[in-house]
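Note that chain A is present in both complexes that follow, paired respectively with chain B and with chain C.
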Partner chain A sequence: MMLDLKYLGRIVEVTGVSNEQIESANKMDLKGLRELLNQRYPNLKSESFQIAVNQELKSDDYLIDRTCEIAILPPFAGG
Partner chain B sequence: MLNQEEHKRYNRHVILDQVGLEGQLKLKAAKVLVIGAGGLGCPVLQYLTAAGVGTIGIIDFDTVDLSNLQRQILFTTADVGKNKASCAAERLQQLNDQVKFEVYPERLTSTNALELFAAYDLIIDGTDNFSTRYLVNDAAVLTNKPLVYGSIYKFEGQVSVFNYEDGPTYRCLFPVPPKAGTIKNCSEIGVIGVLPGIIGTQQANEAIKIIMGVGKPLSGKLLIYDALQASYITVGIQRAEAEVQKTLDMKANFAQHDYDLFCGVKGTLEAHELSNSVFKTMLNDELVRIIDLREGWEEPQLDGSNVERIIMSDIQNMIERFKTDKTVVLVCQTGARSNNVRQLLKQTHQLQEIKELKGGMEQYGN
Partner chain C sequence: METKKKPKKVFVQGAISPEKIATSIGHHQVKTNIGAHDIFLGQVRADEIDGKIVQGIDYTAYEDMAEQKFHEIREAAFEKFDLTCMHIYHSLGPIKAGEICLFVFTSSKHRAMAMDACRFLVEEIKANVPVFGKEIFEDESYQWKVNS
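Entry: the complex of A and B
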């Protein structure tokens, strides 16, 4: 399955890209996705973010089992 | 009832089928509290005043700085140094003398928030830090007021409506604040001036819709705007009862709740971090070198016989200046730059003993 990732806010500064596609052979929950992203971008470990799958915010036990759009949403507080 | 002047002033509202006289009277009867008269607060306040919201509360302890004027559109150069809440009310009264303003030139705290919120129908969050955002959310939940949320970062903005008819709250979206050392604000990272205008105007629109009962409030959704791509995405948010319950459980001891501690802005110090009081004793101490990493125009200024300035762009050429037998203390505006430089000196140049002022000059003296 293909994970179509969109990075937002300061996450883009860690990944260096705002969009990318990652191919995954296995199903994974969002906890697994966090681990995958941490391996790919070690500096992500200190970042706080929520994950939306197909435009819906999901918790870490949510299982990704098919191609989907994923948004990585950090909090920010500027005003 | 509207008087003759109001009929004329609000005519373009009243002739809209969705508004009518009824909608305009709802605006006139409404009481809205705007937290922060900054980048977001200015456009929110301007449109709510123009629209004829009857009572508008403005709370902001801060004063106008020259660097605010690039985006905080209610203020002029002559206003530099004045309190933002009073200054905004003065300007807005000229726009619409039918509106009643309540000015609070003070900090929103867990001691004053509940009483303040209780006097209003709707709350608008235009703050610039996580501590106050969690405080605003919790006080809105505890007083059961809808909260119109907006937040900005560089070229990106978020808008949502929280706590509206049992919808999700800010904690349902972001249950925990980010780690303190990683947080930067507009004064550290910059923000494009029109962005708070766009996001604040959307907040004003949501507030007006809720008051008039027209359309569909942005509840259960987070709208994210990217000013560089001119694109919007919307993400659905569910109410998380456990998160809401956490807030409700705070009610009995709310005034004792320390949001700076919760957000890690203050709390236990790590070995390299200095508190204000310890830092104060190091000023003018000849055995200490205090290095101010800020640009010359950043305020408050730091004076002391042992203070020297090395701005960020010069660091790489000035590494030798950090190599000394004296205690080196780094200072910046919020603690973000000092943390970066300390890491660099430690990892790349094996300088292990560098200290920094926790929280930077922004909290120094508060």
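Entry: the complex of A and C
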């Protein structure tokens, strides 16, 4: 399955890109995704972020089992 | 005239002008079932942080999700409060200190509903809509804003 990743706000400064696609052979939960991202971008460990799957915020036990859009969202600052 | 179900675009590029706000108020004079309006205006503050003054905020958003969230918040407010109408506008892009970046406008028969709904909308927007703000200082350096 293909993970279509989008990085927002200050997270882009850590990743250096605002979006990328990662192919994953296995299902994984968001905890697993956090680990994968922390390995790919070690500086992410010090960032606080929430994860949205197909534009809905999900908790760490949410299982990704199909191609989807995943957004890495730093703290909100609207208003 | 807006209806409850029509999805409305909230984001506008740049600051929200006082003229736009005045015009919006004017448009409600034909809606004579309204007895009370409440308005919240978010304005960019020239905070001093470590000796440097904020000149403005550059707003970005995860736009599709944000528009969806705005829609859900609007629906929740119509459900919860007896409103005649409601308008929400939020800026994107660079907004200077002193300019308006959020305009929330609620109207109802009586004041309590309009005021409670306005407060509800502002709190929901701040907590749940994926908008990001970069506070830009005079020397072009910046820091990322976080809602408290």
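FYI, the second predicted complex is superposed on the first by the 75 of 79 C-alpha atoms of A that agree within 3 Å, B and C clash if a C-alpha of one lies under 4 Å from a C-alpha of the other, contacts with A are read in each partner's own complex, and residues count from 1 in each chain.
The working rule: contacts are C-beta pairs under 8 Å (C-beta built on N, C-alpha and C of every residue); 3 or more make two chains touch, one makes a residue touch a chain.
Note that the structure is a prediction, hence the values are computed from the model and not measured.
Chemist: Touch check for A:Asp61: first (chain B), second (chain C), both, or neither?
Modeler: So A:Asp61 meets neither chain B nor chain C here.
Chemist: So, A:Gly9: does it touch chain B (first), chain C (second), both, or neither?
Modeler: In the superposition, A:Gly9 contacts both chain B and chain C.
Chemist: Answer with first, second, both or neither: which of chain B and chain C does A:Ala71 touch in the superposed model?
Modeler: both
Chemist: Considering only the touch criterion stated at the top, classify A:Gly79 as touching first (chain B), second (chain C), both, or neither.
Modeler: Both partners.
Chemist: Looking at the overlay, what does A:Ser46 touch: chain B (first), chain C (second), both, or neither?
Modeler: First partner only.
Chemist: Under the contact definition given at the top, report the residues of chain A touching chain B in one complex and chain C in the other.
Modeler: Touching chain B and chain C on chain A: residues 6, 8-10, 52, 55-56, 71, 73-79.
Chemist: List the residues on chain A that touch chain C in their complex, please.
Modeler: On the chain A side, the touching residues are 6, 8-10, 52, 55-56, 71, 73-79.
Chemist: Per the contact definition, I'd like the list of chain A residues that touch chain B in the complex.
Modeler: 6, 8-10, 46-48, 50, 52, 55-57, 71, 73-79
Chemist: Given the complex with chain A, which residues does chain B contribute to the contact?
Modeler: The contact residues of chain B facing chain A are 36, 38-41, 125-130, 133, 150-154, 156, 158, 173-174, 176-179, 182-183, 185-186, 189, 191, 196, 222, 224, 233-238.
Chemist: Given the complex with chain A, which residues does chain C contribute to the contact?
Modeler: Touching chain A from chain C are residues 42, 57, 59-62, 64-66, 68, 90, 101-102, 122, 125-134, 144-147.
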